[in-house]
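What follows is subunit A paired twice: with subunit B in the first complex and subunit C in the second.
Moving on to the complex of A and B:
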């Protein structure tokens, strides 16, 4: 291991990176674009669900039920329809997600203290939204029933849950998305950027010249890694700043801890990228493999989009092999909960293991033999 | 301490790729300060041999010592003592002249004033004093190759391996490149060079001829040509391919082969052969514009040696 050779490699890699517009765009524009795109456009919150109403009762009672829906903030009545058949058409076209049908006998039944059924028709095409909409609607109807039972006055039920949400009080999905997204972006950047780096040397024939010098393969791997670690740390800073300043995500934790953890994560992720690049030896293939083994798992299996607890057991076991899973826990913990090393040391340890494995793989597969 | 009179010592060196024997029990020595040439068609095993001697490829069997170190066990020691230039231009095209020099200077462990001195030497040698900040991609092939040579010898290695260093450059640039090689050899550097250009092979002090992984002859170029005892006739005719075909059957003709626009005919007897050749041409309806005995070229030597081995030239 020679520092002068390591420095020569790193310097060369940094200069090449600086002259390559494609890598620069990948390094700096893509993270920002993804962050703003996901931060603004994708929201797992359900608000202003469009609904249609068929009010066959046309009474004080039916009108106050409809009002209860509108007041909740979750629903917006966009259509008042006259015929039952219209519900089919509106739901089918996706004009509304939900239709509320109040039968003609609604008011009489209520007054007679008989069960007064109303019908909720839901568009199950988007199961996620439908489930949430159904829960909201059930709650509104239940609360309305309680009001009716009390004859308009507030009625207290024997047992009532007082729930309070911690860490993300307003249940804004953006607050969950942005810290998670930082982890996903780092995974993409790390694997995509480095996937090109060794494959390019093979394709251009420069690897042969490099291999003929006394440079050790560990010096090549580390030398290539260093500039990308720098980019990764700049990216995480920019993404965190954008998340807090532009998207209004809270940051409760320690920035230094975030840097330290990011560094651990990057070494593992970059090592994996270099490993892929050295193993497949062509840029096109390396990019594709990097997408499949880093980007997709980071997006789908890390807990970013889908909760790990609800996955089938086989996938759940598999997620332990996804490095991004640990990093997402770290970023969410630091951003939203402000937790420290005493809570995140397991994730830190896991990422140290990934870093060692990544570097070992990259160095091992990187043979200097040129056929 | 290794003895340094032999810069390269190769013994029964073999490399197989699966069933294919790329280099087949090759044995030779190269002395210090010698320009040793490897001549043969593409696929003859020249590059594979050089890669084994530079530590880029492991031998399947056999042994070799380079600068006194074993290619099977002491590759790191070898790499600090050799310079290597591959047949493809392999500097970084997206780095400037200076940045490439700096990279290789760094990789060979040069620092401070010694690096500055060597960098200036490389720039001067390559004739790139005014182009130091230009991207390497913008240089002409001739300059790229001189820069590649400069980067390969920046650490002043005692042994220099050049794998078809001048392929693709024009004859003037090639001649200029060989002037540099002579300078290195005169300064005591051992130069190991492979080529498939016959004219270039003539510049070497000693020459090894290679075909199909085997070494088929090794000597000074002049000695190789003198050793060829069969006379060679050079024929110019109006239809070369047809003449070659007709002459293959002529009594007293060992072989006839196209050499550019002419035909080189290897014969058994210089006194009787010309008449037989003329008779064959007349019978085939071909003209005989000129027919004369020539001194064999290295290519004649090569073709003749391959024929004696009973094999075909590949490439």
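Moving on to the complex of A and C:
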């Protein structure tokens, strides 16, 4: 292991990267673009759900129920329909997500203190939106009935739930997405940039040249790794700054801890990328394998958007093998919960193991080729 | 333009297919990877709430408090993972991520309920805003139901109120799998189309064999056909494979007709291939092509309504997404699978796909015709 050879290797890799300004630009543009997309373009937040209303009662009561839906901010009445059959067409075409049907006897039932049936038809196609819409509707209707029963003044139930939300008080999806996204971006950068680095040398025939030099295989791996670690750390800084300053995501924890953990994550992820690249030797295949092995799991099996608890047991066990899972716990913990090493040491240890495994795999795979 | 020669085209097709399938690992990537990804999507991408880890602090330890906790556990939405008699333990469980929901029943709960002033604290970890929103909704409902049941049991008149009867169409159990799995078809096929086309052309450029093709008697049309037909075949096989797994394994209802799906699939694959060809004309290296593809694929997937409803997007992006082929195919596939919609209800999406595919193909042909520099 010679520092000067390692340095030379890193410099070669950095020069090669610099000569490819488009790839380099993308390495920095991709994270920013993703962050802004998630910040501005899309959200999980369900609001302004389009609904249709069939009011067969046409009374003060029915109108105030509809008004309660509109006032909540979650629903927007876009259609007042006259016939029940219209609900079919509107839901089928996706013009509305739900339809509220208030039967003719609604007001009489209410006044007689009988349960007054009201029908809510949901487009279950989008199960996620539908579930949330159903919850909102339940809450609105429950609050409305309590008010009506109390004769205008709210009737108090013997038990009330006092609910509070921690870490993300307004339940904004942005606060959930941004810290997780940083972990996903790191996984992408690590896998995508390194997937090609060694396969390219094989395809161009420069691997033989590299093999003919006195450079040691650990030096090759570390030398290839270093420039990408640099890119990764710059990306984390940019993404965190953009998240906090532009998107207003809270940052309650320690920035140094975030850097340390990122470094651990990058070593493991880059090691894995180099391993893939060296093992499959062609660029097309390397990108495919990298996508399947590191990017998709980081996106889907890490708890980034879909909670791990609801997965079947086999998949849940499998998620322990996914490095991004630990890193996402870390970024969310640092950003939103403000927890420190005393809580996150388990994740840190796991990532150290991944780093060691990644480096070992990457180094070992050269053994056969470069003596 | 020279006439299309079946002989030359066949030779090129043979070469392309052989090149694509020469590597057995590539075969695995083309045919096994989509199934694998579908499995992951089917099982992992789940926004339903079940067995949410719940930590309970019962400071009352009465029959009433135990009953409430049982009601929570019995719904199946919540699973009690820890008990304690101290509130600080609850805070630690949420901090560590051991629990996502905390229920704290204060001392004197039973007597407060009897007096009509009972309270229960429900704490929700909002880091996952999705789970948080749904869990919070369920928790509040459970407490409400407990309260009305209590009123009835103790002889107080159960309030009439409104009886909200919910019915979900197309997916009565509100399973997210039924929604997600058909959408996967669109995303996976686009991925493969972009990847196979753009990298195939760029690799020839990198290796210098593209120049050989250019000086051969092949016309641009033949070249493009030769490059696109194999990918088209692969795409169709993938769609069939994925649909079969979705219907047979995941039991996703197929209420519509395959005949309605097929033309949409062809238009969609054509759009994907054309985009791939365009990428190949602006990239010099495979790495570059790959990065451009990725930079393009991400917004395409995110703005498709595949995971995030188009309705919740900012207005500008909602309009922008009309240019997105994935958005249209996802809408078509979902409507055919879940709603059994026919051509009449989907003509807008078909027209959009046709326009996008033609536009992209024209751009690709114009750019490819220029001599390789």
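As a convention for this text, the second predicted complex is superposed on the first by the 364 of 371 C-alpha atoms of A that agree within 3 Å, B and C clash if a C-alpha of one lies under 4 Å from a C-alpha of the other, contacts with A are read in each partner's own complex, and residues count from 1 in each chain.
Here, a contact is a pair of C-beta atoms (placed from the backbone, for glycine too) under 8 Å apart; a residue touches a chain by one contact, two chains touch by 3 or more.
All of these numbers come straight from a predicted model, not from anything done at the bench.
Q: Should the superposition on subunit A be reported as showing a clash between subunit B and subunit C, or a fit?
A: fit
Q: Once the shared chain is lined up, is A:312 touching subunit B (first), subunit C (second), both, or neither of them?
A: second
Q: Given the touch rule stated above, what does A:205 touch, subunit B (first), subunit C (second), both, or neither?
A: Touch partner of A:205: subunit B, not subunit C.
Q: Touch test for A:116: subunit B only (first), subunit C only (second), both, or neither?
A: second
Q: Specify the partner with more touching residues on subunit A, choosing between subunit B and subunit C.
A: C
Q: A:20 in the overlay: touching subunit B, subunit C, both, or neither? Say first, second, both or neither.
A: The answer is both, since A:20 touches subunit B and subunit C.
Q: Which partner does A:284 reach: the first (subunit B), the second (subunit C), both, or neither?
A: second
Q: Thinking of the overlay built on chain A, is A:11 touched by subunit B (first), by subunit C (second), by both, or by neither?
A: first
Q: Of the two partner chains, subunit B (first) and subunit C (second), which one does A:214 touch, if any: first, second, both, or neither?
A: first
Q: With both complexes overlaid on chain A, does A:331 touch subunit B (first), subunit C (second), both or neither?
A: neither
Q: Please state the minimum Cα-Cα separation between subunit B and subunit C in the superposed model, rounded to the nearest whole Å.
A: 12
Q: Give me the intersection of subunit A's contacts with subunit B and its contacts with subunit C, in residue numbers.
A: After superposing on chain A, subunit A residues 20 contact both subunit B and subunit C.
Q: Which residues of subunit A touch subunit C once you look at their complex with the stated criterion?
A: Listed in rising order, the residues are 20, 22-23, 26-27, 29-30, 33-34, 37-38, 40-50, 65, 91-94, 97, 109-110, 112-132, 134-139, 141-142, 144-146, 148-149, 155-173, 175-176, 188, 192, 196, 200, 203, 280, 282-285, 287-289, 291-292, 296-297, 300-301, 303, 305-307, 309-312, 315, 329, 332-333, 336-337, 339, 343.
Q: Give every residue of subunit B touching subunit A within the complex, in rising order.
A: Residue list for subunit B touching subunit A: 17, 51, 54-58, 76, 79-80, 82, 84, 86, 88-95, 99, 102-109, 111, 148, 151-152.
Q: Considering only the defined contacts, which subunit A positions touch subunit B in the complex?
A: Its residues touching subunit B are 2, 4-5, 7-9, 11-12, 15-16, 19-20, 204-206, 208-215, 368-371.
Q: Along subunit C, where are the residues that touch subunit A in the complex?
A: Within the complex, subunit C contacts subunit A at residues 23, 25-26, 29, 33, 36-37, 40-41, 43-53, 68, 94-97, 100, 113-114, 116-134, 136-141, 143-144, 146-148, 150-151, 157, 159-176, 178-179, 191, 195, 199-200, 203, 206-207, 283, 285-288, 290-292, 294-295, 298-299, 302-303, 307-309, 311-314, 317, 331, 334-335, 338-339, 341, 345.
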